[in-house]
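Per-chain numbering from 1; labels A, B, C and D assigned in written order.
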Amino acid sequence: MTADHRTVDLNADLGESFGAWTMGDDEALLEVVDRANVACGFHAGDPLVMRRTVRRAVQRGVAIGAHPSFPDLQGFGRRRMELAPEELQAMLLYQIGALAGLCRAEGARLAHVKPHGALNNMACADEALARTVVQALQAYDPALPLLAPAHSALERAARALGQPVLLEVFADRAYQDDGQLVPRGQPGAVLHDPDKAVAHVMAMLQAGGIVTRSGRVLPTPIHSICVHGDSPQAVQTARRLRQVLAQRGWLAPGAGVPVA
Amino acid sequence: MTADHRTVDLNADLGESFGAWTMGDDEALLEVVDRANVACGFHAGDPLVMRRTVRRAVQRGVAIGAHPSFPDLQGFGRRRMELAPEELQAMLLYQIGALAGLCRAEGARLAHVKPHGALNNMACADEALARTVVQALQAYDPALPLLAPAHSALERAARALGQPVLLEVFADRAYQDDGQLVPRGQPGAVLHDPDKAVAHVMAMLQAGGIVTRSGRVLPTPIHSICVHGDSPQAVQTARRLRQVLAQRGWLAPGAGVPVA
Amino acid sequence: MTADHRTVDLNADLGESFGAWTMGDDEALLEVVDRANVACGFHAGDPLVMRRTVRRAVQRGVAIGAHPSFPDLQGFGRRRMELAPEELQAMLLYQIGALAGLCRAEGARLAHVKPHGALNNMACADEALARTVVQALQAYDPALPLLAPAHSALERAARALGQPVLLEVFADRAYQDDGQLVPRGQPGAVLHDPDKAVAHVMAMLQAGGIVTRSGRVLPTPIHSICVHGDSPQAVQTARRLRQVLAQRGWLAPGAGVPVA
Amino acid sequence: MTADHRTVDLNADLGESFGAWTMGDDEALLEVVDRANVACGFHAGDPLVMRRTVRRAVQRGVAIGAHPSFPDLQGFGRRRMELAPEELQAMLLYQIGALAGLCRAEGARLAHVKPHGALNNMACADEALARTVVQALQAYDPALPLLAPAHSALERAARALGQPVLLEVFADRAYQDDGQLVPRGQPGAVLHDPDKAVAHVMAMLQAGGIVTRSGRVLPTPIHSICVHGDSPQAVQTARRLRQVLAQRGWLAPGAGVPVA
């Protein structure tokens, strides 16, 4: 490793159960990720689920981030909707604060904020919406990093407004040449094979950028690898990835909260 | 005034609008109270209402407290319900945190917590529930005062657990000899006449305790006077009360956050 | 009156209170309209509000229609959102059925369905969405009329699918030459003066079509006049309009449920 | 079989998924029950889940009942709460109507109503609440049967008010001598062994009444056997039970909707 060698961490969405309904294998994921994006009650995660998720993350030494959403429990935050900027900002502050309150009761602090679902997708492509999101985060804490996809409008808004940003790439998703994800409907959009996902990540880390489906490299710092929990192979992929990253010296000792 | 002369402040419930629906005359109340109990979204107060209420309170120099509730928007938090202690605590932390997040964005800090509606009524009479509430507050911040009715189970729980407590009496409500409010249905339960409400408050301050309907005095410190916003005379009563309290030296200069 | 003289009725949105919050002057409107569009709980109107609204409408002989919405209580159904067609249809059936259940308990029957807010606006312009809405209504009852703005995609979808449709014009809104409403932001969009609103309606009835801002006539049957409840002059406009319509023989005796 | 031999059917709670969250094995249960208690959106079951559940039940020839609840999505309708009778009745009508609307779109009709969770538990013991529930059902349809536990306040209220009632016993729960279920916390409360559950049911059918833990018989007609879906053995128990009931002639050909 040279002095400029960057380390990365692994992040995943957690705490997406609600009331009597469970979702995801949080216990398994907490053993392999460094950073949890915790649902804040608007798309998943009631207060008790949130508290328990925070408690477990603290026990495992996993950094906790807020994963705020559009107000859409039934649609799991995946429905596109239009909100007035002032209203959306208030909702983001509400959710971030709510999770911060539960963190405080468990002796933890928020390490980042990552928008969820349709909000994240829309803010990755819409510069005005991206600024709205970043401004809310900045009003809450100008030092709290945004976790955003590399080459997204969210990244650009964070840089323009001076908010720290952690850039993520997806382990199991193919990229287009414009840096956007290949839409899920298309063939090859999702890398189901853990070996291929791991190879994809290592290629990007070694290239120092997003490697697109056509083989182009879009240079970018990479701070975090997102491993989704919604495929059967997700935990397996995450474990393999962690193992390989560790072997090749990409994981910081202690990990958790890399500096942007 | 002697050295041991206590000062009091005025508190009222605010921010109880929701979405397209408005409630109360917040502007008028913010001019006469020192302390606002701000709804946290579970019985009233969506995030945008909360943010605007916080902003106005900051502009007026009014101290901001969280006014958490059972999850009951349709019933305005007035429905009695049974929640597991762990679940209720998570809900309280969620709501307190959410309001704290909006405060942080407006450069404010929470000054107290006061439970709302059925939760408050039940916790005033149920020692176990009162402890559950106080423990949640304590987990959030052991220095953040609970605003509680004098002679209630909430007061006793706060004292037993070492949480600071501010004791309130009601300007427009008559008391029974056990320190409980005369139920609203009964004649004389509510003092609609502002002059009578002011006289009631002054009698209690001078007696150093709750003055019951039968004339008994239940000694208690009094830190805050609650003026309800739900009667037409509420603002008028609050204005008269403030005037009289000021004339007689009961209002602290700057007021807002008395020390328990 | 000749044999082909058409009669019209007046419709308005009602039952838009929720829990402890009230909205609109339903009592006054029920005295001047023939047809109430009753909120179904998704943007306003909890079950108790719905039942009371139905009961009063029955007492006044006012026809009851379902006024279903996107699931958006906080945004009063005014937020644009994207729902899968199958999901939206289930929501529409749910809301229509819920109101029908309350009608049944009060001895009433649904007379029409009129989508609310952003759903209505979007479905007036989007042919696919309009078909989705009409299909849901048709699955519920192929004989239940849709109440839709004249010259809208909703009208076209109803005609294409063979669902009965009642066409409405707005008393207090100016029209563009394409038949769409002048957006609220623009000058002259809303006719605040009751006299002007009444004159506008009479001009359209006499012309047998929408009279646009520029004076063009877009021929259409007109079955119902929508009087909004959200302006201070709304009730006054509705009363004047009713008076003039009655004088000139445009109101059917008994009114309520014209046949499409 | 003698002429007075009664037949029974099997019922289970279904459609308890919500949005992105799934619960229960509805497909398996639909193959073994005659009667589905379908969640109506207040404790589980969004409109799309409801529609799909209705559609599948129709395909399988399973009778559909409404399974209304307190408004408590997060607590799955298991939280005890106090609602004004008028408010609860409106909520019941809303839920019954909503499911009826979805049934209508699928060519089905409601066959019964069975309250859910805490509402059911409370109404089994509280005569006034039981009357409130039955009155709501009666206002909706005086011929629609209530499905109620034998020897409950709900049964008594239905009989007193003349509403048809179907009486159920639980396959996997032990009974106290007062006819109430042994509370879940106590040893022997739940019969996990399918063979024991089947034997328990057969004993009750042959005795013509509830057989309590101590061996007493509380005579009652039995119209339906409730098989819960929340234990791993539930489907297995239901299958065994169906098999044995069929062998011994307890299942009506066509089953589904026995007459009260």
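We adopt the following convention: a residue touches a chain if its C-beta (ideal position, glycine included) is under 8 Å from a C-beta of that chain, and two chains touch if they have at least 3 such contacts.
It should be emphasised that the depicted structure is a prediction, and the values quoted were computed from it without experimental measurement.
Taking the definition of touch as given, a chain qualifies here only if it contacts chain B and chain C alike; those chains are A, D. Annotation: A-D is the more contact-rich of the chain pairs A-C and A-D, by number of C-beta pairs in contact. Distance from the chain A centre to the chain D centre is 43 Å, each centre being the mean of its Cα atoms. Centre-to-centre separation between chain A and chain B, using Cα means, comes to 40 Å.
Chain A has residues 46, 74-75, 87 in contact with two or more other chains.
Chain contacts here are complete: no pair of chains fails to touch. By the touch criterion stated above, chain C contacts chain D in their complex at residues 41, 46-48, 50-51, 86-87, 89-91, 93-102, 104-105, 136, 139-141. Taken together, the chain D residues at the contact with chain A in this complex read 17-23, 44, 46, 73-76, 78. Residue ranges of chain A in contact with chain C, taken from their complex: 71, 74-75, 79-83, 87.
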